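In what comes next, subunit A is part of two complexes: it sits with subunit B in the first one and with subunit C in the second one.
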Partner chain A sequence: MSTILTAARHELLASVRAKAPYALVAAFLGMVAASTFIGWRTSVTVTSIYDQVLADGLTTQPNPFTDVSPLYYVRNTVIYVLLIGSLMAATLGVQSALRDRKAETAALIGTRPVDGRALRAGRLLGLGLLLAALVGITQIITWISVSALVGGPLSASETLAIAGFGVITWLLLIGFAGIGVLSGRLLRRERTALLAPVVAWAVIAFVIPQLGTAARPVSLLNPVPLPAQDSGAFSWLSQVLSPLAITEHFKTASAALLESSSTGSPLASALIVALFACLALAAAVLIRADRTTGGTHE
Partner chain B sequence: MNETLTLARKELLDLRHDRIVWIVLGTLGVAVVLSVIVASLDYRAQLADYEAYVAQVTASGSGVTPAAPQLFPLTLLRGGMEYVEVLAALFALMIGYGAIAKERSRGTVDLLLTRARSGTSIVMGKLAGLAVLWAAIMAAIVVIALASVAMIGGATIGLHEVARVALAGVAGWVYVLFWSAVAVAVTTLTRNSTGALLTLLVAWLVVVLVIPQIGDTMDPDNQVPGGLFKALAIAKTDEHAVLDHFTAYESARNGLEVSSISKLYERFTFATLGIKDTYNGQSLAFIWDGTFRYVYGALAFTAAALTLAAASGRRIHTLRRS
Partner chain C sequence: MTTAAISIRSLTHRYGPTTALDGLTLHIPEGEIFGLLGHNGAGKTTTVSILTTLLKATSGTASVAGHDVREASHQVRRSIGYLPENVSFYDDLTTMENLTFFARLSGLRRPEARIGEVLEFVGFTGHDRERVGTFSKGMRQRVGLAQALIHQPAVLFLDEPTSGLDPEGVKALRELILRVNADWGTTIFMNTHLLSEVTKTCTSIGILRSGRLVHHGTLADTVGAFPTDDALERAYFAAGTTTS
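The block that comes next holds the complex of A and B.
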């Protein structure tokens, strides 16, 4: 137990001292802060457009934005979590795994009577705490900015919904951090160690949902969820590939929490994201990487 | 000039032994083929739905039949072009980074300087090598794209299609050259390789994904599943008339989008391949009239990146091992 806690404390200290990923962290926090404003500005414009359409006598339909929840403004944050947050987490994971190799201390640690799995679990615990702190900051930013836009503090249920969104966000991020750690431990070069989780992310975020919904890859970055194609090969493909469409499940679970329109079952989606996090963490802890303990070379 | 060519040849020889090149070609090729398969299946599903609907209409005795869904073969490449936009940029950054970082890692800059008069020659030699590599990769992507449209989409490929896909390939080459030049410049100017790599990752994220995503999200029509104007039952002509009242908002949104070279590349390519309805079936002269400013914009971005890369050569000493 003491190995785990010592490794976790060291991981936290080392991650905070490493300045290289600060730009990614700043991009993540900055875009989360901006996303609420973007959501608010867009909905104000859409309401103006609706008023114009109504004044011109072009529609009799009701305004689709009447009585939207204040949490509607947060829906863009979901995209920035899966876009920037996932990559930030994977990068932090890669850097965590490469730290000893770059300092050429991995072999030295190997000579000590330390359980490798406990060491890796401790590092992931440290990384998890760091990510929890970052997610906590984003949730506070979100709560304050939405409250400022609606002109009053959010209700208890809305605050709870934001907290729930924080939990599902943490699960997604720790899963990608696990993939990053695994990649950093298994691959010889820093460049490929960083490229591999990004490509894995692209496959999860674009390729798998595209095969199930026939959606264009970039349109999957729109917070409005896309219904699965229910005809022909897509019906079969979407069922087979559904468990692997982690980011789509994250969107579904988040949309339900944030009271946006969603497709599919939110509870099942949340469980799939949690399962993804567990599997990625287990792989990062249990898989050995004896061949790549040396320094990284380009 | 001669030394630049020698260095370009050396870079190409290095890259020939680099597995990442084959990974890049394989990933982009598979992405293009996969997208054509998905788009073809989607079209067939739409056609089946249409035929079922027509059968229902006929059985009910109604004489009105809706227009059948049309297939414009090159529109099958939409997903593939988006993958090139997103993934090729990332690969170009990684390969460009590797070209410089390996010299730092191996401590071979001094050795290179015995063959070249200046750091600028080294940097430009490396970029020339990368330009040749990317020309070969883009040519392969063009061939894969045409073959998959013909074999999977069942389309007839004529000179018209070859010219347009080749033009999209040239646009892709300019686009990846921009990213390679940015990677070379940033890696040369940054003392720490890890810092350079993460800076490049942030740049890719912001320019390729975040800026276009903000523009897309701010599009009023993207606020409701299926489209806002469709949900309000508003015709296309009325939609334009309504949006004329919101020119400031639309200009800000458009300005944000065109500040990203990825969006410039996308708009030109989508126009050339007829993916955007306005340009479908139009002549190249018509397409040029509508897109020349995107071409000039992308060329200006690439020229600026190449100039920065050339200037970064003066700081080649940062690559020496301390």
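The block that comes next holds the complex of A and C.
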């Protein structure tokens, strides 16, 4: 246990001190903060157009934003988690795995009486805590900004929904961090190690959903998940590949939490995202690189 | 009868078709400062890598502090300290943070007091809050030695410890090595290709040539065989051709 805690503490400290992923972290936090404002501006713009159309007598329909939940303003965050958060998490994972190699401390660690799996688990724990802190900050930013826009604090159920969205976000990010750790550990060059999780991300976020939905790539940048095709080869493909469309499942679970329109089963989708995180973490703990020596921990 | 701190029998290691170590047999008693001499590529670092459990030998056996390096690697790691040739740390972290990490990995739960003690021993107080990335080679070497000593190992492995140091640094490190041995009774296994260092530091020496031990004896015996100013140099070049 002490090895796990030591490694976790070290991971947190070293990640915070390493300045390389700061740009991605700043972009992630900044866009999450901006997404509430974007949602609010959308609402204001549509309402002003609606008022004009209503004044001109061109519609008798109610304003689509009249009864919208305050959580509607958060829905764009889903896309920023997918686009920036996932890449940030994968980069942090790669940096974590490469740290000993870059610092040339592998030999020192290799002569210490520690279990390699405990060391790797501890580092993932540290990475998980770091991501939890970042996600926590985004949730606090979200809660404060939405409360400010609607003119009062969010209700308990809305606060819980934001917290739930934070949990599902963390599960997705730790999964991508695990992929980053594996890539950093198994691939020899830093550039390749950084590129591999990006390719994995592109396949998960774009290629697999496209094969199942026949959607245009730009449609996949919508926070609402796309319905699967119900006929032909795409229907068959969607059934086969559906469990692998992790980001679409993330959208489904998030949409349910944020009271957006959703297809599919949110609970099943949340479980698939959790399974993705568990598998990535298990692989990152259990798979060790053994390219050069027999006795080292890495 | 003295106990062997390091015991090696018929140790062989191959990297593909290349034989780096060829049937090395060696016994080093407790409390010795042993210098392993050899040219570049003689097998010195391979020997240390096997003894420090970083590398598994192709064949043969070795034990350190009474523990087999293959069967009881955890116990060996508890008993050893290691200073690699180019010691590196996490440059973004301070001396204290780096040493705390390695001390905890070595099993020390509250290492702060011990870190202070070891830093004082290696003459490096006052730098514990500075980032290691700002240190010179000599300063890193002191932090490296502190790291290797922090858990009071029975056996200390030093791989080319004075490599790249200026004369003051070499002298200071030499004095530290002698003090570690004298004050704490630590057995020291030192790889080097500097004959002068062996003369000034070691109590016994071994000479490796192309993976084979061609000479092993006390420093006094080795130098005594060549009673000249350059006795060790003569012994080194004669080893493998006239003596073994």
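Basically, the second predicted complex is superposed on the first by the 275 of 298 C-alpha atoms of A that agree within 3 Å, B and C clash if a C-alpha of one lies under 4 Å from a C-alpha of the other, contacts with A are read in each partner's own complex, and residues count from 1 in each chain.
Keep this in mind: a residue touches a chain if its C-beta (ideal position, glycine included) is under 8 Å from a C-beta of that chain, and two chains touch if they have at least 3 such contacts.
Note that this is a predicted model, so its numbers are computed, not measured.
J.: Is this a clash or a fit when subunit B and subunit C both end up on subunit A?
T.: The answer is fit.
J.: Answer with first, second, both or neither: which of subunit B and subunit C does A:S2 touch in the superposed model?
T.: second
J.: After lining up the shared chain so the two structures overlap, which partner does A:T105 touch, if you call subunit B first and subunit C second: first, second, both or neither?
T.: Second partner only, subunit C.
J.: Which partner chains sit in contact with A:I246 here, subunit B, subunit C, both or neither? Use first/second/both/neither.
T.: Once the two structures are laid over each other on A, A:I246 reaches no partner at all.
J.: A:V114 in the overlay: touching subunit B, subunit C, both, or neither? Say first, second, both or neither.
T.: So A:V114 only meets subunit C here.
J.: Please work out whether A:L58 is in contact with subunit B alone, subunit C alone, both, or neither, and reply first, second, both or neither.
T.: A:L58: touches subunit B, not subunit C.
J.: Give me the angle at the C-alpha centre of subunit A between the C-alpha centres of subunit B and subunit C, rounded to the nearest 10 degrees.
T.: After superposition on chain A, the angle is 100 degrees.
J.: Where does A:I204 make contact in the superposed view: on subunit B (first), on subunit C (second), on both, or on neither?
T.: Neither subunit B nor subunit C is touched by A:I204.
J.: Who contacts more of subunit A, subunit B or subunit C?
T.: When the residues of subunit A touched by each partner are counted, B comes out ahead.
J.: In the superposed arrangement, does A:A14 touch subunit B (first), subunit C (second), both or neither?
T.: A:A14: touches subunit C, not subunit B.
J.: Once both complexes sit on top of each other, what is the least C-alpha distance from subunit B to subunit C, rounded to whole angstrom?
T.: 13
J.: Output the subunit A positions appearing in both contact lists, the one against subunit B and the one against subunit C.
T.: none
J.: Could you please specify the touching residues of subunit A with respect to subunit C in the complex?
T.: So the residues of subunit A in touch with subunit C come to 2-3, 6, 10, 13-14, 17-18, 99, 103-105, 107-114, 119, 293-296.
J.: Given the complex with subunit A, which residues does subunit C contribute to the contact?
T.: These residues of subunit C touch subunit A: 49, 52-56, 73-75, 77-78, 80, 82, 84, 86-93, 97, 101-102, 104-107, 109, 147.
J.: Give every residue of subunit B touching subunit A within the complex, in rising order.
T.: Answer in residue numbers: 20, 27, 31, 34-35, 38-39, 41-42, 44-45, 48-49, 78-79, 82-83, 85-87, 90, 94, 97-98, 101-102, 104-106, 192-195, 197-199, 201-202, 205-206, 209-210, 212-214, 216-218, 220, 222-225, 228, 231-234, 238, 241-243, 245-246, 249.
J.: Name, in rising order, each residue of subunit A that touches subunit B in their complex.
T.: 19-21, 23-24, 27, 31, 38-39, 41-43, 45-46, 48-50, 52-53, 56, 58-59, 61, 64-65, 76, 79-80, 83-84, 87, 91, 95, 102, 190-192, 194-195, 198-199, 202, 206-207, 210-211, 214, 216-219, 221-227, 229, 231-234, 261, 297-298
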